[in-house]
Structure formats: structure tokens, C-alpha cells
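Going by the order they are written in, the chains are A, B, C, D, E, F and G; count residues from 1 in each one.
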Amino acid sequence: MSANSSSQQPKRPLTLLQKSLNQRVAVRLKSEIEYKGVMSNVDSYMNLILINAEEYLGSDLLANYGKVVIRGNNVLFIRLIKDF
Amino acid sequence: MSANSSSQQPKRPLTLLQKSLNQRVAVRLKSEIEYKGVMSNVDSYMNLILINAEEYLGSDLLANYGKVVIRGNNVLFIRLIKDF
Amino acid sequence: MSANSSSQQPKRPLTLLQKSLNQRVAVRLKSEIEYKGVMSNVDSYMNLILINAEEYLGSDLLANYGKVVIRGNNVLFIRLIKDF
Amino acid sequence: MSANSSSQQPKRPLTLLQKSLNQRVAVRLKSEIEYKGVMSNVDSYMNLILINAEEYLGSDLLANYGKVVIRGNNVLFIRLIKDF
Amino acid sequence: MSANSSSQQPKRPLTLLQKSLNQRVAVRLKSEIEYKGVMSNVDSYMNLILINAEEYLGSDLLANYGKVVIRGNNVLFIRLIKDF
Amino acid sequence: MSANSSSQQPKRPLTLLQKSLNQRVAVRLKSEIEYKGVMSNVDSYMNLILINAEEYLGSDLLANYGKVVIRGNNVLFIRLIKDF
Amino acid sequence: MSANSSSQQPKRPLTLLQKSLNQRVAVRLKSEIEYKGVMSNVDSYMNLILINAEEYLGSDLLANYGKVVIRGNNVLFIRLIKDF
């Protein structure tokens, strides 16, 4: 399974995530909680490192965390905030 | 496992998704939430990239997102809006 | 793993599904929702393509869809409507 | 992994199911719903084909189905009605 | 992965189950329901055959079954009644 | 994947469990129920054998069991009582 | 799959965890319960050993434990307290 990364070709989902390192993302979990921060790294299971993570429920900021490793199987979606 | 793509042969589910890139789709998740947007790419796990994603609960538009990567294991079904 | 398809031999579950392409089926999901339509294709994970899909909760028709790809892990059972 | 099928040896669970084809069974799902019918075939994942399936909740008959393919991961247990 | 079965060595969990065939066991499922009976066989996934199975919720006997095949992924624990 | 077991090196989680056989442990399950007893053996899936198992909900002793095999996928954590 | 650990390269999530042994962490589980303690070791499944573990629900300290092995599949995220 190879992922073509020329500009004409759309990127595979995991390739897009790899190309978005050090961007700001919002990670929605199955529990509805959302974490916003800078995605320092991510692997193929969607385990990811978030820096300066903020924890939100809807628009309520619940907590500020430094560096968290989120286990991929809890992820609902990852939104690329800076990329759009 | 090969997927014959001649016009007489029905397409395998994952092959159909690959042939529907850059079409408008609605992605229903197990949580009943639905995301509509352009499916920029998808892999065999049904991880997918959605562009200009709109988040719906029933007919209520909840939010607009730019580019999201949805983790495949949350997907209930993918509806091809343009294909029909 | 081979599946004998002579008339005397019972078919394996996945073989029966493959032999039922383009038949009308009802797909019951774990969430109790049921989708009726023509099963255009199905793979070994029970991912399947449904054409002219109708969404039911009990006997209430909730919605009509064109072409949907249902992710196999949500499937409770697939009923062969035409085959009986 | 081989399963000895001489009369002295107890049968492995999946071997017992294979030897019980065309018998009447009751399939209890995790959702408490039970399906009774003739088990036409079954595979190692416990995907199974049920013929003349009756759907029960406790002792209430909910529906009659022709031929259904039940996805194995939903199965709680399979009771061999004729075998006892 | 080999399991030493000399008397000094503790048995691996799956080895202990294999050595307990034809003993009376109680199988607690995740749903709190418990099945008591003679464990005729079991495989490495904890799929098991129970003979003369009795279904209990707490101390209430709900039903008597002949021979059931329980799918291993539902098992919480297996208690060895005769072994103690 | 090798696990260094010299005294300076921290032990891998599964290696620590293997080195704790015949110690008293408390096994918390996802359902909040806790089992205390002597861990006679454990495998890499965290399937484990508990001897003289006591079943607790919070501080309430619910039942005494002889020898139980707990299926690993239900385990939340294993606490080493004697090790501390 | 190799993980580059030079100072310019961001670390993979599992590599970051390995480099954080003997640091203080907070482990949030899917059940909302949080365990704080020193992460003595962790494996690729996120099974981890926590020393001097404190159990919290929100800001309430529920219990103190000595040494616990947490099964990785229950982990929501691991927060590096000292690293920030």
C-alpha cells in the first residue's frame, strides 16, 4: 500500500495526518469531549501527541493540559484547524 | 483479492468508495451524527477525509468544519449523494 | 478455506451472500434500524452496497437513500427477501 | 489446530457446530433477542445461516423470517435443540 | 508459547481450562447472567460447550438448556466448581 | 521484543505480572467489580487464574469463589497487594 | 516502522511514552476515572505500570494504591505532568 503524494493526487487519510504535524487540530473523542492543541505527532493507529491541549465540552473550556498522548481507538475525528 | 471494474461486474464496497473520490457524501456515525461533505480520500479501514464538512443531527445543521479526518471504526454507513 | 457450491452441499454464510448479489435484502443493524434494498455487492467483512435503500425503524419508513455503503461491523443480520 | 472427532474424544466448540448442520438451534444474541431455526451452515467466526427463522424476545414470537445470515460477533450462545 | 504441565509449575489459564474438561463450571457472562453445567470442551478463544446448562441471574434459576455453545468473547470468568 | 530483567531496568508490564505469580492481587474489572485472590498464573492477554477469589463491589464482599479463570479483555487493572 | 529520535524530529507517540519512564503521569480511563502516579513502564499496547497510584474522579481523591498494571485498551489519554 503506497500513498502517492504528488500535488495532483489526493492524500490518503493517514498521509494527510502525517503531513499536518505541528499544526493546530481539534480531536473529537467518542465521549463528545474535544481536545484542541498542536499535533506534535501521530501514528497509523491515530495515537497522537497533543501539545498545549485544551479540553472542551461543546464551547466550555474544561481544562488546560501540557502534553498528552491520546490513544487512537478513542478518536472520532481529527479536524485540521490551520489547514483550511 | 481483486476487484473487477468492468461495467458488467458489480463493484466491491471498498472499490466503489475509491471510485467515488471527490464526490459529495453523507457519513452517518454510530452516534447518529451525520457529516456531509466532499470525500477527498478513503482507505480500506474506511478512515476518510471530508472537505467542507457539515455536521448534522437529523436535519439540524450543528456546525461547519473545514477538513476533517474521520476514523473508520465509527462509520455506520457512507451515502453517495452525487452518485445516485 | 474453500466453499463447495454443488447443489447437495450447504453454502457457507459468506458464500451464500456472494450468491445473493442483486437480490433484495433487509439489513438489520445493532441499533435496531433496518435498511431494505438491493444488495449490489458485499465483502468478507460484510461491508455491503445497498441500492435504493429504505431506512426503517420497525414498520416506520424513516428515509429513502440512493446508494449506501454499510460498514460490516454494524450488521446484526442480513435477511434474503427474494430468496425465500 | 486439529480437532479429533473419534467418538471417545470430546468435540471442540466449532467442530460441534459443524457436526450440527441442518439441526434446529436457538441463537441468543447479546441484545437478548433469540432466533430459532434450522442452522444451514456456520463458519469459524460463528457467522451462520438460519432457515425458517423465528424471532423471539423471551417467549414472545416477534416475527418470522425466511433465510437470514447472522453476523457471528453478535452471538451470545447457540443452543442445540435437537441434539439433547 | 509452550505451557509446562509438570506438577511444580503453575498452569497457564488456557491450559488449566483444557485440563478441566468434563468438570462442572459456572460461566459468568458480561451481562451478569451465569451458566452452570459440565464443560465438555473449550478452545483458546474461550468458546466453550456446556452440557446440562442451567441459566441463573444471581440465585434465580431462569432456564434449563441441553447443550449450548457459548461464544468466548462474552465470557467474564469461568469458575471451576469441582476443582476446589 | 525482549524484556530486560536485570535489577536496574524497569520491568515491562507483562513481565512484572509474570514475576508476581502466587502473590495476592486485586483485579478490577470494567464493570467496577473487583476480585481479590492469589494470582496463580496469567498470560499475555491478561487472562488469569485467581485462587481463593473474593468478589467485591466497593468494600462489600459479595461472594467467595474457589478457582476462577478471568478473561483478560475484561480487566481494567491489576493491583499488586503484596508487592507494595 | 522506525522512530527517529534525533532532537529535530518529533517523537512518535509510543516513543514519547518510552522516553517518559519514571515521570509522573495522569492516566485518564474511558470511565472518566483518572490515575496519577509514576509510570514505571509501558508497552506498545499502552499497558502500563503505575507506582504510588492515586485514583481520582474529577478532583476527588478516591483511593491510594501501591503498584498497579493498567490494561492499555482502557486508556483514553496519558498526560505527562513533569514533562511540561
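The rule is short, and it goes like this: a contact is a pair of C-beta atoms (placed from the backbone, for glycine too) under 8 Å apart; a residue touches a chain by one contact, two chains touch by 3 or more.
The shown structure was predicted, so the numbers you read here are calculated from the model rather than taken from an experiment.
Undergrad: Hopping along touching chains only, can you work out the least number of steps from chain D to chain E?
TA: Between chain D and chain E, the shortest chain-hopping route counts 1.
Undergrad: As a quick test, compute the distance in whole Å between the mean CA positions of chain A and chain B.
TA: Distance between chain centres, rounded to whole Å: 19 Å.
Undergrad: What whole-Å value do you get for the distance between chain C and chain G if each is reduced to the mean of its CA atoms?
TA: So the centroids are 43 Å from each other.
Undergrad: Counting only Cα atoms for the centres, state how far chain B is from chain G in Å.
TA: 34
Undergrad: Can you pull out the residues of chain A that are in contact with at least two other chains?
TA: 73 - these are the residues of chain A that touch more than one other chain.
Undergrad: Beginning the circuit at chain F and going via chain G, which chains come one after another?
TA: Result for the ring walk from chain F toward chain G: F, G, A, B, C, D, E.
Undergrad: Report the residues of chain F in contact with chain G in the complex, numbered from low to high.
TA: Going through chain F, the ones touching chain G are 1, 10-14, 16-17, 30, 46, 72-73, 75-81, 83-84.
Undergrad: Write out the stretch or stretches of chain A touching chain G in their complex.
TA: 21-22, 29, 31, 35, 40-43, 47-49, 65-71, 73-74
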